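Two complexes, one shared chain (chain A), two partners (chain B, chain C).
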Partner chain A sequence: MGSAPLLAVEELVVAYQTPSGPVRAVDRVSFVLERGEVLGLVGESGSGKSTVAQALARILAPPAMITGGRVLFEGHDVLAMNEDELRRFRWRKMSFVLQSAMNALSPVLTIGDQIIDVLVTHERTSKRVARERAAHLLELVGIDPTRLASHPHELSGGMRQRVGIALALALHPPLVVMDEPTTALDVVVQHEVLSKIAELKEKLGLSVLFITHDMSIVSQFATRIGVLYAGRLVETAPTRELFRAPRHPYTKGLLGSFVSIHGPRRKLVGIPGSPPDLRRLPAGCAFRARCGEAAAQCATEAPVLRVIAEDHHTACHVVSP
Partner chain B sequence: MRYLLRQLGLYILAAWASLTLNFIVPRLAPGDPASAMFARYKGQLQPEALAALREAFGFTGGPLHEQYAAYLAHLFRGDLGVSVAYFPAKVTDVLAMGLGWTALLTGSSVVVAFALGSLLGVIAAWRRGGAFDTTLPPLLVFLGAFPYFWLAMMLLYGFGFTLDVLPLRHAYADTLAPSLSFSFVASVAEHLLLPATSIVLASVGGWMLSMRSSMIGVLAEDYVTMAHAKGLSPLRIMFHYAARNALLPNVTGFGMALGFVLGGSLLTEIVFSYPGQGYLLVQAVRSQDYPLMQGIFLTITMAVLAANFLVDVLYVWLDPRTRGR
Partner chain C sequence: MSVPDRTPPLLEAQHLGKLYRVGGWLRPKHLRALHDASFTLGHREILALVGESGSGKSTIARLCVRLEAPTSGRILLDGRDVQGEARGHATLAYRRRVQMIFQDPFGSLNPARTIGKHLERPLLLHGKTKTSADLTTRVHALLDTVGLVPAPEVAAKYPQELSGGQRQRVAIARALAVEPDLILADEPVSMLDVSIRADILNLMLDLKEKRGISFLYITHDLASARYVADRMMVMYAGHIVESGPSEALLQKPLHPYTKLLLSAIPDLEGSFARGLPARSGAPALVDPPPGCPFAARCPDVADVCRRETPRPVSHDEGRVVRCHLYPEPPRTRSE
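And then the complex of A and B:
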């Protein structure tokens, strides 16, 4: 067990069951997350990044279904667990900070109730002990413990997201999945929440799966980055390597389309076109229609991830090692 | 708290307005309804009844504002005049007779239908597309599409007449005197079963559907996904996280239904000869008993207002977002 990576995802497939047949939102995605690592999953909306995240703890709502692959957590296959094992696994081993700060907390329950019920369910502590621990958790994220009695609507967006983080840390899970934790916040609050996450990560030695569409945020945080396009992983590499030498045309496009304050002045380049319709994926490479470097092979054969440089994988026909 | 006080003020204003309308409307008609009725009875009405009628309408002579003052004074003393149909019983006494039975019959049916319908709606939404969800809603909607008095008649015919297992009429057995004895309470329950079942059958489908649809909306919320991720038990997610939120929009409808409880289920009460408000109202209309009608409308108005206020209180308790206001 000691040698198994914290999280290994192998050939994960998630399909949405639609009246016109299943649509693959996640197509044979594989990656590994080692202890202490922060893996950034980057992609446009609709690229399947949130679907991957929710598949890991099997909290996808129908019509989404995991139709293939394995999710190995410390060597145990999450997809093979029964309901009881699954409930014990959730939050204790892998917790979530969800996208929208506004909706991740129930509006009719107090902040305290929503932290306490995790502690009571998983650790069978008394309500009194749980309340004390919940107070400590709030202090940890810089919120006054008297706020336990508050309801979500009485907190600002930033505070709510910090409550979400406190909640995620309640059982000291080895892995926290953060799905666009700062997207609904304004830039100043975003910065505040991000530095809180960074601080806690150092202090508690967490591993994080960080999901975002924002390249500049992921560059501050992630030790490794995986780029998703149309449900497929098109490039993975250590963060510095990816920023220094992106190889996939899509990654190059992403990096060309955000502004760096410190780097040299350069022209912003967007990616022409829009993401493909997952119901009618073209044959061959899904990015072909938007790609400036497409070759004849790209129209017929879907590229698979292969080693391009040390620890650097790309799924592209026109890239050579 | 301030929100509730403001609401309370609003309801008091509405109550005053309805009382005043009750005073003005009879005076807009030409002549005075009491004399008109006296004429229609062709002298069969006792003079005392005529005097009671006039007084009930506040036709005590004198300028309008004095009449209005007399009318309000009577009301506040709880004096609604004397009933014509049940002469010389006071309207308040006649109302008291029917009110309890109506509150029991309609009140218990509305509460049971709401609780049962909401529970079924929660389960149907939770197992959306399952066997339970695909069979029960259409069946209940089908039942609800029948006129409720027709359902009542069928039940009466089936269980009361053909099978003869449940009583046909009245609120308790004629051989018993009202008391708190076991046999009396059992008799009341036995007589309650059929009329209450007919009301519940007719209305449970509506409650189920509205709960099901609001529950389906809530199940797609992030906080429900979050509750799953937290590894909570399915029952806790279903009730504590999802149903509590889904219930909110339905509480308003429940309050409206509660408000109309005192109006009685007119036709159900007639089918089962149940001695409630609805039955009284029919008697009042038949014998043109204006004071009794006025009294019944007054209680209905007050009940609707009271139920609305109750919903406001309930809302503050259920939905913390209303507390700040």
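And then the complex of A and C:
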């Protein structure tokens, strides 16, 4: 079935079971990722962005549990898969680069052995073929193949992070989920890793779900952006449209919080207050207490995502199409 | 020539160097964390210290708050050498002038102590108050200053009841308790959410304007440095490679490393296709080779760069660059 989108997340709910009852870290989040697309999922701490990534990888550990919704990969429900199906699915169909990927490598094995290990285990290739492919993978992420013989501690943080990306690409998955893959890196290295990802997207037709707290990073190569706040998607739009005409007050505030090195120096405003405590979410809109445009309706009714322009959705009572 | 202004700057670093002994007991090596760093910081001024990890910016901070002693060079406060003074009492006197706030607002506060207690301690330790009624008034005034209101309510809270941004305000209030002239702020916003960074940066600007407090703002983020700092210094491998007024430096960077750093910054308006003028790579800090530390990565490298370490050269508009590309300051007509 070729018509199903590559990834469709429908009404996903992840709750943490606490003594005082379940707390929803991800609350009815829905989005679609088409082939060749890079979707940027942006949010601050507590927005649920990393929980979404962990739910997709099905690596959530108690007390966090998926309590609702579906995750469809090419129409197949990922959440319904058993361990065996999951093992065949992960890395081959959807792989992951997590924030600490650079620390996820074994310190006692060489880079080459670790990549070869993955290839031999999953594809039953011969060691010789696997070694050639490992060398090719390193080249792909801009690392000299002689580094196959290096141990992780001999590589810089940026190089280890790129090895993490090479591993994620090893089995040619159509989709890679990246959760803050460059947060721990210096700007020059970050720029190199990001351009590498952008290049691979073009070269391999890769689709990427890119999760970050930093809008300026995804502005460069995401085709679409979804903004998360307190576990809910509050706005989704094509990247250009979102930066040109943000509609949700939170998105507007977030964009106004960025300092730039270009253009005139303007007064930074930021957003008053801080993100809400998910254990004590107020009735109505979660952003209301920090919102300068809140109306009476916002105190009682939680807004849901609705279309306000072509391909542009916002969950806000005050915004009109 | 007119008589030069002899009022000494608030803080002056002269040829600071710091070596750490690493590795082998029989054949020790030396990690050069800081090399020949000189700068001044004036009253009511924010000076940003910008660099990537390992550039030596935190080493400068540690030397400036006297957590460590420099291997060479000296630090002057109001023109007086602070290193010669005895430890102990002198340190306390120094701390009354120079305070520090750290990156992690979660690690720098004691979870078993209320916010009020955190602020009482420096007030008592530095003899800022005598009576308990006055103590409470002062604590509340400090909280007011940093915008944590209602103050009596906040004073009764514990750190874990506050958000990251609020905790960083407490850290600033604690630094303000001794009425310092200078605050060293080591990445004070990098662990905070983007939407609350603005508040802390604006608070720093406010304290400078209204109270005349100077800041040494240490960061890896050029954009926020531009926002708060009057002047900035760019560091690479323990060297201050370039310094000058923030706008002038960013509009027309001179040092190839500054150019690289600027082009690598993701920006909402920037385009990504453009490549970088140089590649990433870590400089050798342990027993470094002679010459410019950036030579191995520099697109404009010449032979002299591998032989001789460039010296800082002053240019127009208070700019200083440490690069063989700019050997002589441009001549000014009046001379």
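In the analysis below, the second predicted complex is superposed on the first by the 311 of 321 C-alpha atoms of A that agree within 3 Å, B and C clash if a C-alpha of one lies under 4 Å from a C-alpha of the other, contacts with A are read in each partner's own complex, and residues count from 1 in each chain.
FYI, contacts are C-beta pairs under 8 Å (C-beta built on N, C-alpha and C of every residue); 3 or more make two chains touch, one makes a residue touch a chain.
Note that the structure is predicted; figures quoted are calculated from it, not measured.
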| item | value |
| --- | --- |
| Contacts of A:A57 with chain B and chain C, given as first, second, both or neither | first |
| Which of chain B and chain C A:Q190 touches, first, second, both or neither | second |
| Touched partner set for A:A296, first chain B, second chain C, both or neither | neither |
| Superposition-derived comparison: chain B or chain C, residues of chain A touched | C |
| Chain B versus chain C as contact partner of A:I271, first or second or both or neither | second |
| Contacts of A:H151 with chain B and chain C, given as first, second, both or neither | first |
| Doubly contacted residues of chain A, that is, touched by chain B and again by chain C | none |
| List of chain C residues in touch with chain A within their complex | 52-53, 163-166, 193-199, 201-202, 220, 222-224, 226-227, 247, 250, 260-272, 275-276, 278-280, 282 |
| Residues on chain A engaged by chain B in the complex (per definition of touch) | 54, 57, 59, 61, 86-92, 95-96, 98-100, 103-110, 117-118, 121-122, 151, 153-154, 167 |
| Chain A partner contacts - residues on chain B that touch it in the complex | 219-223, 225-233, 236, 240-241, 244-245, 248, 318-321, 324 |
| Complex contact set, residues of chain A against chain C | 44-45, 156, 158, 186-192, 194-195, 198, 213-217, 219-221, 243, 253-255, 257-263, 265, 268-271, 274-275 |
